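Each of the next two complexes has subunit A plus one other chain: subunit B in the first, subunit C in the second.
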Partner chain A sequence: MLEPLARIPPAFSSTSWMNPLPPATRLLFFADRAARAAAAGAFPMPVTEEACRAHADGARACLWLGPDEYLLLAPAEPGAARVQAALTAAVGPLPHALVDISHRQVAFEIHGPLAAQILNGACALDLDPAGFPVGMCTRTALAKADVVLWRTEVHRFHVEVWRSFSPYVTALLTEIAGALPAAH
Partner chain B sequence: MSVWRTPGGGRIDRTQRRKFRFDGRDYQGVAGDTLASALLANGVHLVGRSFKYHRPRGLLSAGAEEPNGLVTVRRDAARVTPNLRATQVELYEGLDALSQNRWPSLQFDVGRINDWLSPLFPAGFYYKTFMWPKGAWKSLYEPVIRRAAGLGVAPTEPDPDRYAQCYAHCDVLVAGGGAAGLAAALAAADEGARVILCDEQNEFGGALLSDPQATINGAGGQAWVDQALAELSANPRVTLLARTTAFGYFPHNLLGLNERLTDHLSAPPAGRARERLWQVRARSVVLATGAIERPVVFPGNDRPGILLAGAARTFLNRYGVRVGTRAVLVTAGDDAYQAALDLHAAGVSIAAVADLRPQAEGALPTAARRAGIEVLTSATVLGTLGGLRVNEIVLGELDGTGGVRRKRTVRCDAVLMSGGYTPSVHLFSQSRGKLAWNEPLQAFLPDRSAERERSVGACRGIYDLAGVIDDGFAAGAEAASGRSGRRRSVSAHSAGGDGSAFLGAVPLAGASSDKSFVDWQHDVTVKDLLLATREGFRSIEHVKRFTTTGMATDQGKTSNLNALSIVAGALEVPIPQVGLTSFRMPYTPTTFGSFAGASRGDLFDPVRKTPMHDWAATEGAVFEDVGLWKRARYFPRGGEGMHEAVARECLAVRSACGIFDASTLGKIEVVGADAAEFLNRLYVNNWSNLAVGRCRYGILCREDGFVYDDGVVARLAPDRFHVTTTTGGAARVLAMMEDYRQTEWPELAVWLASTTEQWAVIAVQGPKSRDLLQGLVEDIDIGAAALPHMSVAHGRICGVPGMVMRVSFSGELGFEVNVPADYGLGVWRAIHARGEKDITPYGTETMHVLRAEKGYIIVGQDTDGTVTPDDAGLAWAIGKSKADFVGKRSLQRASMHAPMRKQLVGLKSRDGRTILEEGAQVAEIPGQKPPMRLIGHVSSSYYSACLAHPIALALVAGGRARMGTTLYVPMPGGDIEVEVVPPVFYDPSGARIHA
Partner chain C sequence: MLLISCPYCGDRPEIEFTYGGQAHLVRPADPSALDDQQWAEYLYMRTNTKGVHAERWRHARGCGRFFNALRDTTTDRFAATYKIGAARPDPAASEPTPGTAR
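Presenting the complex of A and B:
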């Protein structure tokens, strides 16, 4: 047995309004209503059919990405294989698919009173709490990068981005934040 | 202070002096001035030279419509902004401005010769004159015209300023912060709406800022403005944006706003954004864009000192500046009389009011007469005199029979003109709304809307103050709530608003030898327009292009209606029949920086790097851009050039082992009970018979049967495939798959996920690769029998769970190690360390040579969107038994099997040393002169260090039937003889791959 290697996630530093999130287990879960119902025993599933809503339960969360597509987030340990096995067992023969994308993307948080304003420097969505309430999530674009945006608190957003786009996204948001009037 | 600056009043602060420079001379203004008002306060009217004739020009207006006062403002060598309207440049301490379009100086300009030679330069001059001789266009005419064309000089240094951008949403966007816009914003805010109110000026209030006579609810207009602003700024749901131009109206109520943040500051704070581009999506839009006063078209109407009456009033009332000492008014309406009265009260002598109408009996003309001002009716202007400033105007009275009587010359240093108002329908027109001609107002007004917007106030022909404010209240409430009925009302009164209008040239304008200008900025005269009609142009769109009227940066703000009227008159048709040209964004010129925002330098595009990038950079790799990715191209050692490095890397892979970062390869996981069926329908290959644990080279065509992408597909489980794509094709292949999955075959139980970035892919290639990996992999037997060529196995690599694919793009025994991306660098290091001297990192250039030696195509290099699988020599991949796949029907067309289709072949230079140029053409017959008969082209070409001769792949008509024949590659130095050979140059039996 070889010495286990350490994970080396893409590095970026935190600021007063942005902090990187630790590595996580991420699975794409493709499932219809029946399969989701069956999966609920193994992983927290949304109680509503509403589009663009995240359901968080402790450190685990299930984010609606499409009518049959969900992003499952869980702590890095014990790992994607465990979650996958539990879900596969729970869903059984119902049509579904699970794909491990734990390493495909990284996550960070944008927080503080300027959070929405900073994001709106690159995101075309209406981030007013009335239009994008806490618990809402969606795939969207930050300038030229695709992201998943999830509002976890009024002034806190969870952002998922493909790993190779993370330097671009964080540098862009830093530029945007630096140009805000409040920064001067 | 001076004869020009009034002792009190206005929106300026006379106690705060501001020093500034214009054309190198020092002047002084005060806080609150624009560059225009500050120049006028110094008696300077001459601010520019006209575009074509280089005639001396003064300020015509006090606002965004200014066609003459275009200046360059310079902060340092890099911060140079040309073509700013002096009327919109806020004065700051130390402002440094230059006039434009003059040489050597504004006072003496050599280009003025164009004015005296103007009979030689009629409209359409360029089209007619520079046709002959043909060769002179490039060498003579174009360079000269290019030097003369254009206004201002663009800075050559990179723009050092920062430009911000943001998106915003609101219920009601109000464009224009005059009385109508303020009223609309107040009423919309009453309904609880999220409101954005923007105005291009430094302060809100619009015309009220220049109108001390206005009263609202018994108090001054300014008091009402102040109260409205206090109310709006206290409302957290209202955003007030001053110095912000709504410059563009885009589909679905998206508006572009340009906010200028620092241009008015003497010393902008370092790092502060200069401008912010707002992209606002508004549920509803209220356009309160006002109206622009129209000049009167008479001979010599462009001399400095001749300006709009309303502008003179603005300069006086808002900026405390008298535009002259002795003024003549030329008007066709009552409004201008208020300007006469105001100037008269401020001590300016009013020599005469020349009213084009036969009668002027309204309240204002009466008041003017009562103040002792001489009013001439049925008047016309026969000409003006003066060098760099008007000093006389020649007036006459129409005698009713086509002549004039009582011709007289009046001494003056200012002429104020007013032809009525042109509603600013630019944004409405940009929104694709339809305009309608209003005969009584002689104006085009907004009619049918294309978007959820409404126009209020002067921009829809309502000119009286009370009506304007009521209109704003009603529209604001309705825009916010969807219901009609307003909660607010005011009593208001201001001078004027009678809506009289005069269009076109004054009578007898044609009799003068001097020019009557219609478009000041492009120097278009009445004569030019009449010439256009004589040349047969009937539509204003054609007249516009022939004369360039309305085509300057001001888009004809002051000229369009006069031009229309003159053309309509000449053609003897009603104005609407001549048509109105379309308005385009931007409303006023907008900086490139604002559009670029942060998208410059490192942030222009995302730069994608693999997990092993930093290792390669440390090893001195030279990178190349592949899509957004940075890929190591080669790893030079000790002063090697690319060719030496690539030759060494190639030989290393063929003789020992190479290690290559293949992480950028697109990867798509296709999962579900119907995964094999899904791929059967998409790819040309048969997937049903691919066993779990095996790989197959797949080809994806478009519906037209041409190769779209390729890559190795591994079957990981009965219901799970790992599809690889080209690096550049990853996104479009996934998009195409999703498209078919969702729209064509929704019945299939299959799902797709991009896993490109989930995996770091380390290609270990070469005869020693198996030995090297032994011991690094656990629970995977990578022996030849257990893991044959084109197979895949899961297990641990360096303790990390991953998979090993035995595939080869090099032609050698090879493996691609896939590990989760966070482990990529660690595993790479471990493999590299284990390889010691036997392992050589190689880059994409070497990869290209190795694959070309094996005749493996690169989609997009050896294919170009017109190559079928058979053309590329890949017909063997097509699943013959399949009922259908994307492109199958197209491939059955007879032309797809024509023997003379271009087919992939190898080419060998007969001399054994010439490397062909990629893209070079291939000919059958040597020594041809153009036009040559060409039968193909070189798609890939390299020197093969392993074979010690150049190799090339080419697409040649009927190529496979030409094996062994000689063809010719014509180059500037002569034909290169090449032999047609099979495209597999190296190890044609494939023994090495199966080792």
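Presenting the complex of A and C:
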């Protein structure tokens, strides 16, 4: 039997301003402060309560989505089950929820000097580095689709989008980028 | 675009929010003790305020949380937003003077 990911053709290819990112382990983690402190032994957790901030440690990252709600990103190997088991063991009996959503979303990067401008073609957030600094992440609306947006560098955004929305989002961004002559 | 200040995320475009109806409605502790009229009052009767109105909003396409807001229903101006569970702030203290920019 084929792996579920292998059956789905890539919805988009690399361009001068967009990179598809490889499959990854994604977990949604609902946990209060005590459970997050306990989980820190198994996964990098932010030390502050600051809203809309990502805490990256090497290839793993913990993104704030809402109060007590976090998106955990890790490499596809060794698999979500291993990460989940380690976290469950670390958190123990403290109330929390941990859900594997690895296959629900795909990720890509928008990069280059026009990255913010391309995203702003479909996203109403203030993406100036003063208003949306490096390390800031949020769930937001990209036209009709909900995405998680994370600024990893001044000119680089990590975008998480639900798998079924990815052809729409990438086609829309391609159209927006096409209207910006310097993007080619 | 109208900006709404989420108590968790800060100023965000209005398209990220959904309206949640009048705020500070308290469900009766023992609904079975009420008569039909009292239950209907709780379920359906709302104030329909002209002026400053306390109402629920949800940052549906952001952090996903409900919060409360004071909004002037005639000008659409938000006087304050505050977390669920917090007391209703005094609109006079936080409302901008009419005619001045936000």
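Everything below uses one rule, namely that the second predicted complex is superposed on the first by the 170 of 184 C-alpha atoms of A that agree within 3 Å, B and C clash if a C-alpha of one lies under 4 Å from a C-alpha of the other, contacts with A are read in each partner's own complex, and residues count from 1 in each chain.
Just so it is clear, a residue touches a chain if its C-beta (ideal position, glycine included) is under 8 Å from a C-beta of that chain, and two chains touch if they have at least 3 such contacts.
Note that this is a predicted model, so its numbers are computed, not measured.
*Asks:* In the superposed arrangement, does A:A124 touch subunit B (first), subunit C (second), both or neither?
*Replies:* both
*Asks:* Touch check for A:S102: first (subunit B), second (subunit C), both, or neither?
*Replies:* Only subunit B is touched by A:S102; subunit C is not.
*Asks:* Name the contact category of A:E69: first (subunit B only), second (subunit C only), both, or neither.
*Replies:* A:E69 sits against subunit B and subunit C alike.
*Asks:* According to the stated criteria, A:I176 is in contact with first (subunit B), second (subunit C), both, or neither; which is it?
*Replies:* first
*Asks:* Just subunit B (first), just subunit C (second), both, or neither: which does A:T25 touch?
*Replies:* neither
*Asks:* Considering only touches as defined above, state whether A:R139 meets subunit B (first), subunit C (second), both or neither.
*Replies:* A:R139: touches subunit C, not subunit B.
*Asks:* Specify the partner with more touching residues on subunit A, choosing between subunit B and subunit C.
*Replies:* Larger number of subunit A residues touched: B.
*Asks:* After lining up the shared chain so the two structures overlap, which partner does A:C52 touch, if you call subunit B first and subunit C second: first, second, both or neither?
*Replies:* So A:C52 only meets subunit C here.
*Asks:* Residues of subunit A that sit at the subunit B interface in one complex and at the subunit C interface in the other, please.
*Replies:* 69, 124-125
*Asks:* Name, in rising order, each residue of subunit B that touches subunit A in their complex.
*Replies:* So the residues of subunit B in touch with subunit A come to 162, 164-169, 194, 269, 271-273, 276, 279, 281, 598-599, 602-603, 605-611, 628-629, 669, 671-673, 749-751, 753-759, 776, 778, 798-801, 820-827, 830.
*Asks:* Help me check something: in the complex, which residues belonging to subunit A touch subunit C?
*Replies:* Residues of subunit A touching subunit C: 51-52, 65-67, 69, 124-125, 138-141, 146.
*Asks:* Which subunit C residues qualify as touching subunit A in the complex?
*Replies:* Per the stated touch rule, the residues are 1, 8-10, 12-13, 15-16, 61-65.
*Asks:* Could you pull out which subunit A residues touch subunit B in their complex?
*Replies:* It comes out as residues 1-9, 23, 28, 30, 68-69, 81, 95, 97-105, 117, 120-121, 123-126, 128, 131, 143-145, 162-165, 167-169, 171-172, 175-176, 178-180, 184.
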